[in-house]
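By written order: A, B, C, D and E. Residues from 1 in each chain.
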Amino acid sequence: MSPMNIIWMIAMPFIGAAIGLLYIGISRNITARVQNRFGPPPYQNIIDIIKLYSKKTAITHGVMFHLGPVLAITGTISTLMFVPILTGNYPIYLFSFQGDLILLMYIMVFGCLAMALGAGQSGNPNSAIGVSRGLTQMFGYEVPFVIALIILMVRFDTSSVLDIIKAQDTVAHWNIFRSPFSFIAAIAAFLGMMGNKPFDIVFAPAEISSGPPSEYGGKYLALMQTNRGLFAFVKLVLYTDLFLGGAGDFITLILKTFALFLIPLFIGIVNPRFRTEQAMTFFWKWPTAIGVVGLVLVLL
Amino acid sequence: MNDDLDRQNNNIIANWARKHSLWVLAYGTGCGAIEVPPTMTSRYDAERFGITGMATPRQADVLLITGYLAIKTLKRVIRTYEQMQAPKYVIGFGSCTINGGMYWDSYNTIKRLDDYIPVDIFINGCMPRPEGVIDGFIKLQERIARGQAKGWQHYQENLDWYRANQKKVIKNWTMPDYNW
Amino acid sequence: MNTIPLILLLLFGSALLAYFVGKINFVLKVGIALAGLLVSSYFFLTLYGLSEKFIFHLAGFELTWQINSLSWFFGMLIFGLGILVAIYSTVYMRGKERVDFYCFALCTTIASMFGIVVSGDLLSFFFFWEIMTWSSFLLVIYYRYEAQTAGIKYFVMSAIGAYSMLIAILMIYARLGSFSFQALSAGWQGFSLGTQIAIIILFVMAFGVKAAMMPLHTWAPEAYAISPSSFTSLFSGVLSKMGIYGFVLLFYVFSAGKLSASFVDIHGTSLPGYILAWFGALSALIATLIAIVQDDAKKLLAYSSVGQLGYIILGLGLGSSIGVSGALFHAVNHTIFKGMLFLAVGAVFYRTGTRKFSELGGLISRMPYTFFVVLLGIITIAGIPPLSGFGSKWLIYEAIIQKKMVFLAVVTFAASTASFMYCYRLIFGIFLGQRDEKYDDVKEVPWAMRGPMLLLSLFTIYLGFYPYHLLNLIAEVEKTVLGIHPFAYGQSVLFSRFGSVDTMTVMNVVAVVFVIVFVLFSLLYKRSRKVGLKDIHTSGEIPGEEINLHYAIDFYQPFSRGVGAVLKRSADRLYMNFASNMEGLFDMMRYIYTGNGQTYVMYVIVFLAFVLAFSSWLI
Amino acid sequence: MYLDPVLMIAVPLFAAFLIPILGKINKNIAKYVPVLVIGFNLYEAVMLLPVSMIKPVIVIIAAWRPPLGINLTIGPLGNMLALIISLVGFIVSIYNIKFVEEEPNEKFHMLFMLLVAGATGMVLTGDIFNLFVFLEITSISSYALTAFIRHRDSAEAAFKYLVIGSISSTFVLLGVALIYATTGTLNMADIAQKIQSVDPKIAVTAMILLVTGFGVEAEMFPLNGWAPDAYSQAPTPVSAAFGGIVVKAGMYGLARLIFTIFNFHGIFYFLLIMGIITLLIAEMSALRQKQIKRMLAFSSIGQMGLVMMALGLATQEGVVGGLFQMFNHAIIKPLLFLSAGYLVFYSGSKNIEDLDGMGRLKPLTSFFFAFGAFAIMGLPPFSGFWSKLIIISETIRNGFVVLAALALIGSVIEAVYYLRVVGRLYFKKPHEGERTHYVHPTAIVAMTLLTLIVLFVGLYPDFLMTYLKPAAAELLNKSAYIKDVLTAGL
Amino acid sequence: MIYYVAAFSLILIGTYAVLVKKNMVKIVLGLSLIDSGVNILLISLGYIKGKTAPIFSTPALKAQNMVDPIPQALVLTAIVIGLAVTALALTIVIRLYDHHKTLDISKIRELKW
């Protein structure tokens, strides 16, 4: 393990979190513009986090409440470690040789579940309702997501992310063009994962007072917000790797991830919210149907 | 403990961040609640100052009391305030929170909110327009930046006084103790 | 003296001894059972790596008892969990009535399971299989008043399964004239296609019932729910594995990989294997969906058991080395985590007297060890790295995708995702959320109950990052018994044709990151304040005692609305309707006996006349 | 060392008529006479066993050699059945000592002795008319025993039994007459030899008449209308004796006729089909019975259906299975009846639903019942397992997979209704009310004996198999039988 | 020949009585009739016209001139058995009448199904 790799390992979570938070800030800004507002500055989320970290008190309901955010970010950082971030001349592979796509699918859940556990211990019924909705929705979007990944794995006969990146050497070979069905299914799942507008019933602030984290405040909330940014980044990088041929350098990475990030954002801005079971069944209807078409095609 | 708090109060970065990120828990009592949506939405767009609505007291920084408070409601307000994480600020909104306003002689409303929870900023008017509200927020931001918005500390230090006042109006006292 | 009969004698002997001598006092009966188990597992350990045979004749049939790596593998599960359960029972059963009966049935069950895995011929296999059925039935009905329907359902379904197996065994015997496994695997190719199909279907019926494969699972939830928790963990953890063992035998020993010769191949798997894989996948999915909406912790675990066994069946159906290894690995995992979880739920039941999520909650601060066990258990069961459940699921998925069975893969993954939901339900319903005031004084269970659970959770951690020894064992089984070339694996690395995962790295990464984050998080900021359970945001309202803050009833209500169509259909109701209709039909039969003596005479005369009329046929 | 086998019939007969006299002297002596006498029979049967296994013991009475005189033919089969009968009789008579309290109990013992004597005679005799006579002795004592309790239902049952029984025995007599008219002999071996030359139409008519007659005792469907009533209304030991003795003797008669005397292969298929029909209908009827003894009666019919099926296979293994099943049934069914009798006695009601919670009140008796239920379901390691295994195995080996499947379906139904009763014993809360009866030690001894036999045979079936194999061979090898009998005394 | 006809008509009449008559006493009578019929049949089997009883009362009698003795022995036994059965049947009928106050067999159907 080269020293460079170790440095990246330490730096990448911070960079990732910063980029992710920035994206979310930009998304707030864009949303504001769409709504004919001025909107907060793009770095607003970072301010929020600093503020939260500098809160003077924090309450905890117990061990799991305390560990929930910690484990959540642990899961996210662990996921990051197994995603190849850059593939160009100065690659950032971290541990991605030691894991594959299936590992990623599962380790991504680690954080969510940990957060759900923390939320559970808060004892707030709203949190529990939020978790219930979140897990249900997760069950919904994982189906098209899994289909998309299976299409890729079967098509390239590999489950290694690096190999999939390698197969997309030119723009024309990007999976977004080669496996459009897979991409559509995956993007639909992505909407759900990001928790953007049509699928944000999990955090519905006015209804269940922001759902799972409703009992979290102060430093815990800060950690969770950081996690949110980092997680968004990780997912974006993964999608870039899978569908946009990875990234050779940071600029490409940022361009590609941002482009990807805009999709759920714009869909979210113009759409109202789904109910939980509507969301679940939505995922099982159109994205799944499209994914199945892709599956049939890849088998032929 | 207090030294520590003071040190943090004067932390410039922290105060800057606090100032620019005010998460509001709008306690929509009375008629004032109607003025909050315009403040937040496109026309006045409070979000550009980092002011955002929050749903739970655990996450909020600012408690916005929008109007008169009946005794019954006061209980909830106190509870909500006590559940917020320090540093926390209270904005009294409209004349009812200042002196009872048009409910001055009502048998069942409180007159001066500051007697029960520490108010950092009062916004005058019946009702104050969104411009007034934003102005109040900016005043609060300035106080925060200067490290003057210390109502929560005041509440902690003079808890007995506040409790006495609260108990005076709230007859069946079942509140849990304020635990910090 | 041969070791196998010695072990069996020891176990059956301690069962009887515990029953008869155990009338005297509690310590004696549990002690005898435990001692018998310990001694016999010592003897069992000495059998490692050996291949012994014990041949004798009974009732004119040649019977063989043998030990090979496959039997040792399953025997390991039996004794491992058996001992832990026995230790757990020493406290769990204290003060309950009829402990002697319990000890007897427990020892008999363990003995019969051991008998099954050492059977070298179909007859003794069936013999022990039936003993296992009734002895476990005795345990299912331990809480007698409530257990009637569950017990009878279990028994009847087992009997149907066992009898279909009997037909298959005797069909084989009629053709080969021998019960031994070797003769069967040698003679399998001589069977006609129809015979092969019949034998496979009949065996699958039998094993499917025990392994709670989906359309045959209906006994499982009730039987699991009603049996004493200490036994349930053995029931789900090991006894259901006997069905899996049967599947292994059927597909890899009896037919010895010759299925491809008589059936078409689909995606490189023989048709029966492929169909079996689908059965497994569908039971994984549907059982998981049903598990999600349960309110009884043990029923939830029971359905989860059905689902997890579905994975194992799926892996076995695939037939490739990686699939079979995944299945066997998952079998071990399932033993461990279902053992843990049932023991933990039993511990909760021991302290609180209920298993309903709607009545429990918030026990984390009262039973932290149990919580920890359940936490590890659900992480494993959900297949989330870095614990051991991930390794086995990974192997199974790789096997499916390698074979390009994409739809199977979709179903399986969906099931796996859905399992997060019930996992959360389980831990939330019991340990998180609000606690009822009557459970404020609940204490952690004694060490004798904690120990086995914690030991099992250590195993999941250990296997989570270092599955090497287990994989060695599985490879040994595949090489020597199943005739499969084992797949490649490193110390902690699992390889498939198109991917690899290093479990050690995963574990290390997670552990290191966790430690760093935790230390930073705790060091940089002051300690946070612990507040009471009721100190939650409730819009300023002060929650009184009468307000239910524990969100546990209809936890996944939107979900059940969404998948209501699936949940509405119940195989159980179908069977019960069928059974009651059949019963009504059978009931008509007794009206033949009208009660009028003359009618009976009439029957005699008519019978005589009838037979006389057709007497020419008899000549 | 065995005594003259004639004593096996003569002693019980003599003792039977002695009992009333003894009863006049002392009531208690009468109770113990059956135990002694049937014990003697048991001794004889056991002692004869090694001898008869090698070569049938032919007892010539009054120096009239076969085929002229009456003779006893004690082959392995007859000896085996005599053993079963005397074993069951012995155990039941132990149970009787205290169970039968109703007056006049010496008459009960007398009738019981007659029953045993008749049944023993049936299985030992070599003469077809004697077979009829002993059948009648058995049946008449059965009728009387059925009606022993002075109750309206038992009288009704007895009357039905009597009507059906005497009609059927008339058929037997007609058959015997037909055979005698055509062959001019009554010795079974001689008949078997001479029947070859008889017009098959007459022979088959005679056979059908005889089969119908014995079928009634053997509980073949639809001739078994008497069985549920008689079983359920007779005193418990008598029910046990029906299952263990009367039916066995009837089945022996049936088997002897169709295997040794006649040689029509069609009858085997007929028996196979009748067996499975009997089995299925009986099991189905048993499913919803309300009275425990009636349920056991139907179960008994079902078991006999299985035996018929096994005999219908007409192969060595099949007949072994059938005989094994007969043995098991003869042991287990009395166990069930005896324990059920005590349960009924305690609860004061014959209905199953009144047995709720007896497992708690009467653990021992309930245990015996549950044990018997498990054993008769054919679960290992009890004896029922092996016989069922052999029968089903042989059925499948002969290609009757469907029949085997049907038989197993019958077994499943059997499991359901037995478990229901066992369930009621153990799972239901007991009804209110004081019950102070206790099981008398003699009953416990009797039931324990049966239990031990079940376990022993289940764990070590070879012991029994060594005796069953020659018995089956005897049935199948009729020329040897003819030779043995006709050359006896030369 | 006439014996055979008589025997079979007796059997048939008896069977008719058993099957059709509701009165239990008549059923018992029917049983007796069947019995008698069978007995006549048995006797007639051994009967040869013009031959004497098979008793060696005087030395002049030869075995060839006698009827077959065995059926007679059988019939004697059968008669005894028939008697016993009839007696028992009648006892039971009496007892049934005591309990049920009727002789109609179709009304005595408490044990059924």
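Just so we're on the same page, a contact is a pair of C-beta atoms (placed from the backbone, for glycine too) under 8 Å apart; a residue touches a chain by one contact, two chains touch by 3 or more.
Not measured: the values here are computed from a predicted model.
With steps allowed only between chains in touch, the distance from chain B over to chain D comes to 2. Chains that touch both chain C and chain E: D.
Among all pairs of chains, A-C has the largest number of C-beta pairs in contact. Placing every chain at the mean of its C-alpha atoms, the farthest one from chain C is found to be E.
With centres computed as the average of Cα coordinates, no chain lies farther from chain B than E.
Distance between chain A and chain D, defined via averaged C-alpha coordinates, is recorded as 78 Å. In whole angstrom, the spacing between the mean C-alpha positions of chain C and chain D is 44.
Look at where the CA atoms of chain D average out and do the same for chain E: the two points lie 27 Å apart.
Separating the CA-averaged centres of chain A and chain E is a span of 99 Å.
For chain A, residues that reach two or more other chains under the stated contact definition are 57-59, 209, 214-215, 218. For chain B, residues that reach two or more other chains under the stated contact definition are 56, 58, 180. Each of residues 159-160, 163, 167, 228-229, 285 in chain D touches at least two other chains. Contact annotation for chain pairs lists A-B, A-C, B-C, C-D, C-E, D-E, with touch applied as defined.
Interface residues of chain D, counted against chain E in their complex, comprise 129, 133, 136, 140, 143-144, 147, 150-153, 155-160, 162-163, 166-167, 169-170, 173-174, 176-177, 180-181, 186, 228-229, 232-233, 285. Every residue of chain C that touches chain B in the complex is listed here, in rising order: 529, 531-532, 535, 537, 539-542. Chain contact summary for the complex, chain A toward chain B: residues 28, 32, 35-41, 44, 47-48, 50-51, 54-59, 205-206, 209-210, 213-218, 221. Of all the residues in chain E, the ones that touch chain C in their complex are 15, 18-20, 22, 27, 105-106, 108-113.
On the side of chain E, the complex with chain D involves touching residues 11, 15, 18, 24, 27, 31, 34-35, 38, 41-42, 45, 70-71, 74, 77-78, 81, 84-85, 88-89, 91-93, 95-96, 99-100, 105, 108, 110-111, 113.
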